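The data blocks that follow each hold one structure.
Two complexes, one shared chain (chain A), two partners (chain B, chain C).
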Partner chain A sequence: MTMFAPLAGIWMPSPQDLRLFGAELSLVAAIVALLVLSMLFGRSERLGAGVALAAAVAVIFFCRDAAGLVDTGARAALTPPGAASMLVADRFTVFFKLLLALFLATIIWLWMTGAAAGRTGGEVRPVPAGPEFFVLLLTSMLGMSLMVATPNLLVMMIAVETASLPSYMLAASDRRSRAGAEAALKYVLFGATTAAVMAYGLSLLFGLFGTLDLPAIAAAVSVKGMPALGWIAMAAFLVGVAFKISAVPLHFWCPDVFEGAPVEVATWLSVASKAAGLGLLLRIVAAFGGDVPATIALPLAWGVGLVAAATCTLGNLAALRQESVKRMLAYSSIAHAGYMMMAAAIPPAAAGDATVRPAMAAIVSYLFVYLLMNLGAFGVTAMVAWSQGSDRLAAFTGLGRRAPWLAVPMSICLFSLVGLPPLAGFAAKWWLLAALGQGADRHSWLWWLVFVAVINTAVSLYYYVRVIRQMFLADDERLERLAVPVGGLALANGCAVLLLLLGTVAFGLMRDRSLAYAACLARAAPESVVAAQDRLAWNGGPEGMVVNGADRP
Partner chain B sequence: MEHGNLLNLLIFLPAVGAVLCLIVPGTRTVKVVATATTALVMLLSLGLFRHFAWWGRGDGWQEAVFGGTYGERLYEVTRLDWIRLDGTTIQYFVGIDGLSFPLVILTTLITFLACLASWNIESWKVGRGVRGYFALFLLLETGMIGVFCALDFFLFYVFWEVMLLPMYFLIGVWGGPRREYAAIKFFLYTLAGSVLMLVVLLAFHFYSPVRTFDLIEMAVNDRIAAVFNAETTSFLGWKFATAMFVFLFIGFAIKIPVFPFHTWLPDAHVEAPTPISMILAGILLKMGAYGLLRISYPILPAAAEHFAYALAVLGVINILYGALCAMAQTDFKRLVAYSSISHMGYVLLGIAIMTAAGLQGAMFQVIAHGISSPMCFFLVGVLYDRAHHREIDRFGGLWLSMPVYGSLATLGFFASLGLPGLCGFIGEFWVLVATFSAPFAWARPMAVLAAVGVVLTAGYILWMLQRVYLGPARPEYESFPEVTGREVFILTPMAVLAVALGILPQQTLFNFMNGTLEQICELYGDGVSMMASVAGMCLGR
Partner chain C sequence: MGSITLMHYLVLGALLFCCGLLTMVVKRNAVGILIGVELVLNAANVNLVAFGRYRGAGIDGQAAALFVIVLAAAEAAVAIAIFMNFYRHLTTVDVDRGDLLRG
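Right after this comes the complex of A and B.
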């Protein structure tokens, strides 16, 4: 196995390389610590939450550190000598890790709120149990962090599996719930099948190109063209990515899992899983930019665009008639994944062109806003479900009177999900559409995606407003006021305030920040293509292509 | 371009008032705060007169109002960079000219009156918070004034949407029996239109050779006009200007509302509480016409000319269809709602023919209808508060039991009817005369058809007056209390304006807006616009 030769040898990453990946390492350390500590001190939920929180803080710390290193122009990749990079660290991966860490912290917050409510309120609710929950959460986060940070197909595959396996168990973490068990089973079956298809595509790609390094494959393709089998292999590989994004037609697991799983898990999967999948998709699409001829880059973009349009349309249409709010939010998350995928459909232009960055910045800002909106909406749904024992639409009746401090932030989150100004959801959608419009300068078919997006926006209003209608327009005097845990109030209102700020005064600030985070991937991708071409030339072109360190003299 | 901060105050003072409404104690205090805010905004808005009125500028007022080209004479301008976008910035850019000035005044006045009309909110029997109502009401005012003041397309869009949320709740929570249906229908219709506007917003930005969102710049910059109106500029295979004009028109037509996009209006009007109906009819409908005049026509004159016939036909359909529908109604409020559709048809017709006189007539009709229709809705509301039904056929002889109310009602409905000497007459007459003399072959038949609308209007209003106010007094209504002081106070300004606009159209309105309207006409180019204005012919200017 020449592939592993560099690792079996004496090569060790330098301390600086390790600092770049301190976030991943601290996650691994936290996972091990959790397992060991719970063996030593017994199953303490508080301990689990504490360690997980510490891991989130460490990830944020290391990400800031890595961001500084990346900016000073340090070699931003974990590269065995002579081989292609296995992991890269650029501002784009830093963003995803920061996003995931922030999200992890809020999920822990939500979990603690729920646990406190379960204890004090006296009502039994399915709290995912202590250390296991956090171990699985951290493991899936590790997988997601790796997903966005690698140009290597094999590492991508491993990362996807690392993210997926704990997610299956998380979905079933309420052991008494039949719905949860059913959801987890569906999730596993779907996941296993798509993983098999993905592995098949991977093996075909390796057979065709003799390398697993994505930029090298892109370089080979740009010289030699894409064989028909290559298209099949690419499509098969992308099936695994589409599963993580829950893109149509691989979205069927999503509503069942979100409805059956505990709220914390559903919230986690709704944002984190899709974010990681989108990051991975973006990296693949960006790799096929640069010098890759349009005959290859364009069909890829069309394919992504078509799936994106189908995803947001079907997601929205299916959401229209849902009675369970969690299930409605699940379909809404499918729709939003569709919107975000549209940005990935913008064909990357030649190296140094400005069109990639707006697309990536759009996804970066959309993901951040989407996190806030979904967190708020799921959070309020959780509070309602905990006190009412149901997440049906009927449970929200009269919430405007019974718990105004839940109903108002919920409305803000929902209107933001629609994309109405002056809320952040509009800002996010605006940057997305602006990126599409800018891309349409060269590819006018992107205007069709703009149409699909705006018409879907109008359609989506209907189902989000159904919840608002139930909260404010319907009321039943017999229903009493709701007791809401303070932590939940803080979470929901915090999200709402941020959404208001990001939609108005911080509208431009968010843009600047997201452009900064999108900067490096756009720069890094063409560079690595150039590097791969150097190696190709050195190896005598794609015919004799063995891009691997061990084969070099 | 004169800088100033008055508009910022007008836009954001209601928002501050909305926050105050949420925190002050006691329902009565909330009402006082809300009313004080709207009153203050109205009084402040009167300060805008100093830019347009002869008493504000002395001898220089004619130059100030009529001089320059489109966009040169802007007042109370604030320009701040808001969002950086590649190659340009999205600005917080507000200012007024003769087009927006009367509308801002109308907005502040009608909002103030509608706020007073909300004082009996307890008697609506919806049992919902007073606090929320007035907070949303004030938020709505922020959105409305913002729409009329924004000169940046992006900012315009934001205010346009900001208006939707409060309106949804105001109809949906405090409305009549079918309020939920009416509210969501209003919301979906308007949003469907405005997302098309969003596409235009993006397309304007990315097609323009000068990256800008400035509505004035887009209208007057020759390079932009050359690209936008060129035959060769294509958008997904359509001609660019044509496609953009259609998208914008759908968005604005829903608001006006133009047949066949009008079906939300009768529902929303009938279900909304009286003050909200006043605002819907008096201000929100005007935004469609304003949008056409501020965005579609100055920026895409070629497409406007291309569609002139279609728009004129739609305008005439509106006039006739709305009038015929009004005639068939048994619900008093529904009748007034359909009469709004009919009256807004004149506005569309006046805009469609693309002459200065047509624009003047359309804008006059906008303002006149903005005064008469809230008055009519309030008159219906006064009656509903007492009778708790709105069946026209169950009323009769009300003039006998409520003489003051009956007199004011007659005045209001006659203003709506277009009786000479009252405001409705001038607008309709101007539009009809302008259509008659418009440089299109189809213009005269259109004018004839539209004139039929005047007869129909007289028909349904007189018939309604006869059934409700005249005839023998009915015993069940004899004990009705006469209009209260508050109600008279609300009706008086509208009644006075209805008379004033009817008698002194030049001094009350034309002097303020004709300059800008003629400048817009000049943007149309050589084709159709070089028509002498009827105002000029009639009044020697």
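Right after this comes the complex of A and C.
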């Protein structure tokens, strides 16, 4: 075996480490399998759906496995000895991957329902064609999984792009649709621009700190302070993250893409893209907690808080005057991203402090509840749009009589989006505000965020109730009953029932699980920080941007 | 004439960044905007390689620049495919003509 001798010194991850990243590996395997199988057996959509579903199941299996492995609170990483980690697995990443996998399965369910309806009903129904649709879906999920699982700025950027590029194509997956083509054009131009700015910020951060490892940068900042250029570079990097969350002022793509893209794609992006972006933001904010002095952690928190308040308010105000329900839901998803960002604005306190955990747990539970209510609302909108050929408010007229098993779950989801008791939306929002209030004990400016959130909740009642009014109070006798596919009924009612349960009897369960999943984020990997500090001492640290030729190695 | 220092490269990078940003803002043609994006990405590359060479962080900077090059190529491929799709519908790639979705 002499030919393998040169490989002997190369570091290989242990099987134990690889098990932690089984979710990503199974996604990659499914993507390759799908490409190869579609060459062997022809371009079958059922095959694509089947493989994608199998991938979702595999991800769930590996996440449960990984949850057991990291349950002791330790975080593991794929790290060659002496180097900073590029990928980490902790309970927080496990939660995000589970969320994405569950969501992927429901998106495939929605797609199958639509495909079946398109075949039997014979109406104009855009079916995203071919196995490519699922390849793109899985690839974007791979990117999103990596987004939440890395402390390295370069890997973050690659992950954001891995998630974005397939999403652009997904938006245009119905090639007959002019709206889809336009949505994809706006999406790709906006995304490419923000990605380029992000790359420039990354290059400046690399120059200032001599590393792309986030804990190492945080360590350097806490020792030597943040130069003015560092703030600009940081803001430029966060532009790319804000694009994924669709935070103001980088939210313009969101309503256009959601309106123009097929409804499965809009649903997928509304939750998955935002969840992954938030996970990334949380990791950045958490890295600047702990030992980082308040002069650096506080301005960052103020920035996030300001953007969160603006996102929430603008999203709600724009939703007020929408006639297209899909577009209204797009603005509502912007507003909800704002609510969730508020919890990310709570400044992380010292490492042992308990305040961060309720905030993280609040976001974790909010994301799960948001998934359910958004899925239900988008699902019903899809059913209506498929049978009526329109997603305007007028298409919902008299739905309470024409399709009560759609109208009732739709109302439950919308009331939950407002945040009315006894629904899960109320519980999640209440917990979020409680976390903000708890943080306000130390930072009284957080009360402003609570104030903004409460006012916005009241405003949002108007546009959600408008849809409910149209369904139950407006009616036209000439309109016939809707034929709704059984799969769609199951999806909408399942979401509604879960929202009712989570808001009442299962609330304690959700709370415990969220606390468990949120436990590990705040802790930075100590070994990578030490390695980075050694490296910095050798490099000469962040000061002295103007380096002469004399410094050449 | 003194020797070329890190500062020279950073100024070049900043100039490229500004040119790219200006192109992205001014151009109405989708391909023009994409060219602006490429300029900004290359500004990042110049910075990364210069920092990697002068600040002595091993080959991290150069490796990062390689990744950014690959990202730029992938992005251009996807973007141009989407432009073609847009062109099939409107026989133009003027972004101002995309006025179906608004509000």
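Annotations for the structure displayed:
Definition applied: the second predicted complex is superposed on the first by the 509 of 553 C-alpha atoms of A that agree within 3 Å, B and C clash if a C-alpha of one lies under 4 Å from a C-alpha of the other, contacts with A are read in each partner's own complex, and residues count from 1 in each chain.
The working rule: a residue touches a chain if its C-beta (ideal position, glycine included) is under 8 Å from a C-beta of that chain, and two chains touch if they have at least 3 such contacts.
All figures in this text were calculated on a predicted structure; none of them were measured in a lab.
When the two structures are aligned on the shared chain, A:25 is found in touch with neither chain B nor chain C.
In the superposition on chain A, A:259 makes contact with chain C only, not with chain B. Contact with neither chain B nor chain C is seen for A:37 once the two complexes are overlaid on the shared chain.
Shared-chain residue A:232: touches no atom of chain B or chain C. Contact with chain B, but none with chain C, is seen for A:415 once the two complexes are overlaid on the shared chain.
The partner of chain A that touches more of its residues, comparing chain B with chain C, is C. By the document's definition of touching, of the two partners only chain B reaches A:447; chain C does not.
Once the two complexes are laid over each other on the shared chain, residue contacts for A:200 go to chain C alone; chain B is not touched.
Legend: residue contacts after superposition of the two complexes on their common chain; A:116 is shown touching neither chain B nor chain C. Taken together, the two complexes place no residue of chain A in contact with both chain B and chain C. Across the interface of their complex, chain A is touched by residues 82-86, 90, 157-158, 161-162, 164-165, 168-169, 172-173, 179-180, 183-184, 187-188, 191-192, 195-196, 198-199, 202-203, 205-206, 235-236 of chain B. Against chain B, in their complex, chain A makes its touches with residues 354, 358, 415, 420-422, 426, 433-434, 436-438, 440-441, 444-445, 447-448, 450-451, 454-455, 457-458, 461-462, 465, 469, 472-474, 507-508, 511-512. The touching residues of chain A, counted against chain C in their complex, run 154, 157-158, 161, 165, 168-169, 172, 175, 178-179, 181-186, 188-189, 192-193, 195-197, 199-200, 202-204, 206-207, 210-212, 255-256, 259-260, 321-322, 324, 327, 535, 538-540, 545-549, 551-553.
Listing the residues of chain C that touch chain A in their complex gives 2-7, 10, 13, 17, 20, 24, 30, 33-34, 36-38, 40-41, 43-45, 47-48, 50-57, 60-61, 64, 67-68, 71, 74-75, 78-79, 81-83, 85-86, 88-90, 95, 98, 100-103.
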